[in-house]
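Structure incoming, see below.
For reference, chains read A, B and C in written order, and residue numbers begin at 1 within each chain.
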């Protein structure tokens, strides 16, 4: 027979298992967003913490001081809106390039023989396990004016003057595509390996050329993989900080960098919070979209 | 075919910068355009740099602890998602597990810092920010990654053996430790490694939630490389790449050997 | 639905051999009004069933008939939507799977891949907290019983399918459960192994005195193994009975068709009296005379079921005048021990008959496209109203 402990565990064990991660996530993932939301309505102040309190008691009455100034500020100062659009644009095109490079790679890997495939996969995953920061840093040496690429091109004679590649938007594109490429390849690969070869054979049998059967059979069927890969690149890329910070220039506008600057350089926590809240709202729809696509893939 | 060419170019693209780092870590000259001869002096400098070494130690500690916490929490979360069916709040739970995977780090970092400060004001904990807060932050996003990996393994797993164990008299907790855990063990290992790596590598979140005196390795690296190329960082990078390569090599051998055993 | 005459029971004492005939014996397993719904789908529909101790009871049916769901409810892996299960007088409604006096042998065997054979077999005893020495002893005893002595250290991945099946059996039996549930136990074995194992299973069951409930879709297996068979159809029990009863006296067309082969002649009641019935059958092309009464309404549609082995097939017209059908042999299958003749009647119906090849090389064997006459003993067929 069960002891009292075991009986309690049996009755409540299930709820306990759900509760532990749930509570952790609510406290350390969900609640922070509400705190940020709340602070976005405060004013910057010379205090610790450096913002005005929202709730205060005066003469026994509760005063709520909500300041919508920060949001108005975001709207008025075109910097922020420009930064949002710029982030979306950069993330979008980076995703496209990553797809154009990553799809052929995923395709070749998926069709390779077993041993080759494992080797190739390992080669794709290996950079992913090395430090993100260091890999971005590596490009500095390549892209700078006295860098490897310029030296090479000058030596061969293709150019006569070094190209300005570092501290430009171009460098940011390179950086994002480079670091997020494995995130594009892996979902594509997972999808393409499940592709039934007999479908292609059927298409050939019915008279389709190789190109045609690729366009009409393989491509449509790999759509879930494409969407997954794109979401895994696009959404985080919008909020990127490290890549624009190290590779981009002063006029490279990305919202992640703006938030950082607002926080660390200007010490304006309320504005940073407003930026973060606005970003969150912007991203909610793509995130939900991605989750729906992921769930459909599973079922 | 055209795809093949793209693939070769793609791999060159992936590995050129890494090769560059390794190459230049042995370059006696600081400049990338000049080859000053083979030298390991940058490695020497690296091992004498107390700041870097100290930060590395802190990062390793944080990574280890937060990876362990992530694995525990993430496994529980995966169990809940795969084996527990419907319950109140399941949609919320599911969303909270997947969102950290794509949430931009600046948002996570900022919001967690705000939380810690508010908590400090409300209940007096955490006192200041440092190791603890970074560990909590890393454990939270590590949780999401662990959950994804463990979930996929749980779904593939043959559930019959769990039922068989219960049928033979094992209580649910027993079934988990006797049967489920050994079955998902490989997934747990790779999940731990992933959480460890992500923690070791994190710059943004750590920058927000760290306090004075707790500088992680990425934070130190970042402050150095903002100013340009730094050869001792090249050396550090080469060491880290080497360790990862050795690790993956060993892992592949282990996997091949175990799959050979099964057939 | 009285369609058969009084059953003549065998000479064995019913009270010990066939407890279901003895009103004094209490059923070991009582299932009452058991229903299981998955959303809108009703997998098990209001099933009530009594199973007696030491029976080897089979639940027989095609896929989707609910037999596996029923088994899983007995094991405790599914909670009934309605109804109760009682095992040895104890209500199982709030008893979890790991506390039930049942053990299950899974269709996939479900051996623990990370444990060797001995550890697999001894798992249940370890959960009971028995001392190690005793566990080791009982494990080797069990391995001997299933003829796997010396295999203790092997891992499941190193065993053949038949060996794995025996490990699964040993593991399930070692706790001497009151009830052993077997889910398609022989499905994964090849034919010869299956036949050998069938008899082994029966021996083990009889020597250990454990009640077995077997789920299977293989009616030959059910017939070989069982003391009684419960034929299931879409969530309900179509008929329960001993193998002979279910085979010779099916109560519905479904049961008649599921077990073995059967020829179904559709017809209408032409004349009904307490001792005889005449069925006008277009299928057969003649009037079928049945030597007993059928309780039904006048002109009701009926089916006359005749199994292939019940026919007598001759090339010359038989002397009998009633119950004789004429047809042409369309196909013959020579199976060594018997021959199957497919005979096409003038009305178009194809009849399947089977005849033992008792003469080696008969002088005038029946051949293709030959005209033949089929007849049968008066009570060889079964009249079915459903």
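The rule is simple: a residue touches a chain if its C-beta (ideal position, glycine included) is under 8 Å from a C-beta of that chain, and two chains touch if they have at least 3 such contacts.
The structure presented is a predicted model; accordingly, all values stated were derived computationally and were not measured.
When chain pairs are compared by contacting C-beta pairs, A-B ranks highest. For chain B, the chain whose average C-alpha position is most distant is C. Distance between chain centres (mean CA atoms), chain A to chain B: 16 Å. Between the CA-based centres of chain A and chain C the separation comes to 60 Å, rounded to the whole angstrom. We define each chain's centre as the mean of its Cα atoms; on that basis chain B and chain C are separated by 57 Å.
Looking at chain A, one finds that residues 10 touch two or more other chains.
In chain C, the positions touching at least two other chains are 96.
Of all residues in chain B, those that touch two or more other chains are 171-172.
Across the complex, chain B is touched by residues 6, 9-10, 13-14, 17-18, 20-22, 24-33, 35-36, 39, 49, 101-102, 104-105, 107-109, 118, 122-127, 129-135, 137-142, 144, 146-148, 151, 178, 181, 231-232, 235-236, 238-242, 245-246, 256, 259-260, 263-264, 269, 272-273, 276, 279-280, 283, 287, 290-291, 294, 298 of chain A.
On chain C, the positions that touch chain B within their shared complex are 75-77, 96-99, 102-104, 106, 108, 110-114, 123-124, 127-128, 157, 171-172, 175. Residues 158, 160-161, 163-172, 174-175, 178-179, 182-183, 262 of chain B are the ones touching chain C in the complex. The touching residues of chain B, when paired with chain A in their complex, are 2-4, 6-7, 9-11, 13-18, 20-21, 24, 31-33, 73-74, 76-77, 79-80, 84, 87, 89, 93-100, 102-108, 110-112, 114-115, 117-118, 121, 136-137, 140, 143, 155, 171-173, 197, 200-201, 203-204, 207-208, 218, 221-222, 225-226, 228-229, 233, 236-237, 240-241, 244-245, 247-248, 252.
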